[in-house]
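Here come two complexes built around subunit A, the first alongside subunit B, the second alongside subunit C.
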Partner chain A sequence: MARVSTRRIFLERTTVLVATLVFLLPVCWLISTAYKPSNQIFSVPPRLTFQPTLDQFRAAFALFDVAALMRSSLIISIGTTVLSLVLGVPAGYALARSRSRYSAGFAYFFLAIRMIPSIAALIPFYLLMRDIGLLGTWWAVIVFNTMLNCAFVTWMMFSYFKALPPDMEEAALTDGCTQIGAFWKVAVPTVRSGIIACALFCMMFSWNDFLNPMFLTTLDSKPISVALLTAYGTKDITWGTLGALAHFSTIPIVLMALVMNRYFVQGATNGVQ
Partner chain B sequence: MAEITFENVSKTYPGGKAAALTDFNLRIEDGEFIVLVGPSGCGKTTALRMIAGLEDISGGTLRINDKVANDLAPRDRDIAMVFQSYALYPHLTVAENIAFGLKVRGAKPEVIEKKVRETAELLELTEFLERKPARLSGGQRQRVAMGRALVRSPNAFLMDEPLSNLDARLRGQMRAEIARLQRLSAVTTVYVTHDQVEAMTMGHRVAVMNRGTLQQLDTPRHLYDKPANMFVASFIGSPPINFMEGELTAHEGGPALACGPLMLPLGEAGRRLSSRRPGKVILGMRPEHMKIAPEAGSGTFGARAAFVEDLGATLLLHMDEHGIAIGHANMVEDDRDLMTTVPKLKALVDSSHRIQRDDRVHLTIDPALILLFDPATGAAV
Partner chain C sequence: MRTRFSDRRKYFLFLMAAPAVLYVAAVGLWPLAQGIGYSFYKYNLLRPARTQFVGFQNYVDIFTDPATRRAILNTFQFTLFSVALQLVLGFCLAMLLWRDSRFNRIVLAFLLIPATITPLVVGLIFKAMLGADYGIIGFFLAEAGIGPRTGLLTDANTALWVLILIDCWEWTPLMTLILLAGLKALPADVLEAGRVDGATGWQRFHMLILPLMLPSVFLALTLRTMDAFRVFDSVFVTTGGGPNDSTNTLMMLGVKEGLQFFNVGFASAVGNVTLLFIALIATVLLLVVRRADVRINGK
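After this line comes the complex of A and B, so read on.
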């Protein structure tokens, strides 16, 4: 029995290790390129030991306005997240508390919106933004991403509020709250972990999104995700520079995921806390 | 303080098969503790939620202090409600939970602090004030829910089966505690339960409900002694009353009840029936009124003990009767007939009788304690 269990533990750990390596290898390679001298990046066989250098970071800062790129990414991500939550949380609540027999159907319809390939909506949206003069601004990306994310938030929050017994809101009503007061003071704090999970999903989606800002932003408003690819192929820019730039694209979102990990897991798995 | 009146109130849920409440009339006096009791689906919680303003009224008028309250928002009724699930706010501490209603209504911080402290002392919650509800036991949560209602000094308390999630010992304690607090505060209280012990011990008056209608509104003692119909007789009393088909007849010059081989001269107790013509009746005999007769004789009947439950002080005998038709009240819960199988005759006797399964015993009953019902309507005769 003990042998079987030891073997099983060994197999489990080996599987986890292999899976981790598969996921981390490209990231490690990209990160390491940022610290290698240019002539060692493609050396065959790859060199595991090298003299670290910050030259690639100096080049990245010389070629890109990193602060402006980060600012664009932050504004687009935070704007999308805030707008998606402001619209999606009350919409999810309204659907969850609706006595209509079609409310669940509506919620799944919202989820279906999220499943639409964004490219299908991007072209008409591009024309719309051009006509109203928002093309090339952060607003164009924020509104488009909100359209997609808000549907997802509505569906997620519908599930959270549906799992929340209405007793607490009714208690708040008899305690003297209005319907909006009961929503704001009781229902929203109770599904806090769900809201945080939704915020993280929105934030990650918007931060990593490439396609939508690629079409909807200009040189002044593009985020770091777009800068990374548009930089590729320019003769002055090396893989090392891209590796350095990738730090700024990945570190904020990884840090956020690590810090909020507890809420993320709670919200995505436990439902109402 | 509030006086609450239902006038021909009805409620039909969209898509509902039957009305949840039909022509419901009830007047709850100021300061009264009234208990609404009945099986699941009888409309008692619907009536309570209507008072709170959490349920729309389909027809009729609900008045609170002579003011029509049909369309009044819950917050404008100044009524506090204790929910079956307690409905505590999980993100707030005990102190914040208790203070919530006062805070929402804009009370001053020093007033809130004083009232929360007083309420916590009254309910022995002082040491738990900084805890979140998740870290409280069932009894403590129940007390916090009570505290949240008490702290506001509202017009009326509404309680929706507040003890149903507690264990039997704690339920007994809290039953007494709630009754004490109500008498202390003298606030009009409407208490919903399906537990007849709570109904019989807590309220000044009890409203027995079935299928959305009020069956009887009376004091607990009257409900037990003089039930208005077979439903009330069967709902109030534990173990439940025995119903038998019988005949009102004349015997040796006076009225008597014939029930299978049993012939019970009614004597003085039959006076009330002098105006009733002989004919079929339903006899209601409470198990605790049945006595063991030392031997067979007039006014006794024999039966076999099919099953004996030893309850300590008493024995509950489930008898196989012979020649006696056992009837049942028309008692329905969630569209299921609760007594589709014909029950056995039950007798609750002193445990000093050493009765074993399959023993044959002779039973008798004081004719004055027999309840009679009309077989056609089920109403008391």
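After this line comes the complex of A and C, so read on.
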């Protein structure tokens, strides 16, 4: 390995650090608005110092049922994630193991679902939900998001299982293991990290999504992302209150991605290779 | 006995794949097919009695109406410039983070935060920061006389460019991550040989690294292009397509027409045109990937 001068490493690190700060500053600004008194958020000219306060959080809790919003978001994300994994993991396995010449075609079909602009399917789906009376329920969002996410999971797991040689399962099968057993006890444990990565991405997608729930949910079933949108521009709601509310929408998911960084990196790069 | 075993395996795998295939067909393909049907009708939910078959009229309208043509051009401009800028910035950052160290790993984790934040919130942050009267960036820009007095997002000449920059802020980190994975998978011996042969840094970059990275670059481009073409969240929150349709994109147009004005027929046509464009772009890019792959691996 060639020696690299300390000066060069120092320069590289400073550049990277400055770039990262640029990427993080807007986030810090958002977080800081939630602790400023309303009259100091947009003082002219803008100021950098302020008296910290928790008033904005009090206002957010007074104006919004934060717990109910979080519950909606959680139900939608967890429901979508579980359903997508239950449908997608076996399908990815089957396509990776099948010797049929159609299996690769099916795998690409699932990849292609990723390209759909959701509006093309959302309008007819909206009408369908209206006709069968599910419009406004969590189910409507879960069913629609699961369609997009289980396609993604199938494609991801297809590539994970494809990279895993089938020898172990074949050995287990010859030893008298059942088909289900070979899948569940032999194949699934070896791709556990892939499944966690898939789950993380499904959670992120459904938690952050707002176009689908905006039209598919109602006042009592809306998740926090939709609440943020409707709160914006409403009288009585200041940027500070919005910043406080945004805490509940961003912090859980950012923390999850930071803690599970390894899986985030794996998931984002595996979708490519 | 053998055949029976492999038959059983076949049935089992078929049963494992069937639920997902049926589900996606029922919840994805069926609405898509219905959407194609609707797109041939003048169909407004608020006036269902006046529904009539109009053939390709909705599609003709998309390509002849100045407002919708603007949306198509905006979408292409947005996609082209934001993805190109992300690629350049992402490549630079990936090169800087290439060396494996604890420092770089920690920095990468934090760098990825913009990609995990709710896109809606991203739009809100920038809307607040760019306001000319009170935003922390907008105020000083206006004071310094840079940009329009009303703010960059409310001026028809600058709004789309600002949206492009916002998209770069949001997605450059992800681009960096994908390219970094490509860099780390490069064959170490080839790079080492270049060093031993005394190639300069620039020579190594454009004669070794760049050609070897082409497949990763094109795949990253394909993914990001498909996403950028469907941009909606940040536009919806910051400008809503305005001012004067200067930031109207295809998704924005489709959502406004379909889910706000309930113009189901026309909105379906917009959705289908968007899907068609995405499929075309993806096909072209994937063909390029395959050719680049063949050229490099010689197969």
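Following the convention adopted for this analysis, the second predicted complex is superposed on the first by the 248 of 273 C-alpha atoms of A that agree within 3 Å, B and C clash if a C-alpha of one lies under 4 Å from a C-alpha of the other, contacts with A are read in each partner's own complex, and residues count from 1 in each chain.
Rule of thumb we're sticking to: a residue touches a chain if its C-beta (ideal position, glycine included) is under 8 Å from a C-beta of that chain, and two chains touch if they have at least 3 such contacts.
Treat the numbers as computed from the prediction; the structure is a model and nothing was measured.
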item	value
Touched partner set for A:Gly181, first subunit B, second subunit C, both or neither	first
First, second, both or neither for A:Ile123, with subunit B first and subunit C second	second
Chain touching more of subunit A, residue-wise (subunit B, subunit C)	C
Partner chain(s) touched by A:Thr33 [first = subunit B, second = subunit C, both, neither]	second
Touched partner set for A:Thr146, first subunit B, second subunit C, both or neither	second
Which superposed partner A:Met168 touches (first subunit B, second subunit C, both, neither)	first
Subunit B versus subunit C as contact partner of A:Ser249, first or second or both or neither	second
First (subunit B), second (subunit C), both or neither touched by A:Thr218	neither
Contacts of A:Thr230 with subunit B and subunit C, given as first, second, both or neither	neither
Touched partner set for A:Ala19, first subunit B, second subunit C, both or neither	second
Shared contact residues on subunit A - subunit B and subunit C	173, 273
Interfacial residue positions of subunit A with respect to subunit B in the complex	99, 165, 167-168, 170-178, 181, 185-186, 189-190, 192, 273
Subunit A contact footprint on subunit C (complex, rising order)	5, 8-10, 12-14, 16-17, 19-21, 23-24, 27-28, 30-32, 34-35, 38, 45, 93, 96-97, 99, 103-104, 107-114, 116-122, 124-126, 128-129, 131, 133-136, 139-140, 143, 169, 172-174, 177-178, 181-182, 185, 195, 216, 219-220, 223, 226, 229-230, 232-233, 236-237, 250-251, 254-255, 258-259, 264, 267-268, 270-272, 274-275, 278-279, 282
Residues on subunit B engaged by subunit A in the complex (per definition of touch)	14, 52-54, 73-75, 77, 79-81, 83-85, 87-91, 100-101, 104-105, 148, 152, 158
Subunit A residues touching subunit C - in the complex, by the definition given at the top	2, 4, 9, 12-13, 15-17, 19-20, 23-24, 26-27, 29-30, 33, 42-46, 87-88, 90-91, 93-95, 97-98, 100, 106, 109-110, 112-128, 143-144, 146-148, 150-151, 154, 173, 179-180, 183, 204, 207-208, 210-211, 215, 225, 228-229, 232, 239, 242, 246, 249-250, 253-254, 257-258, 261, 264-265, 268-269, 271-273
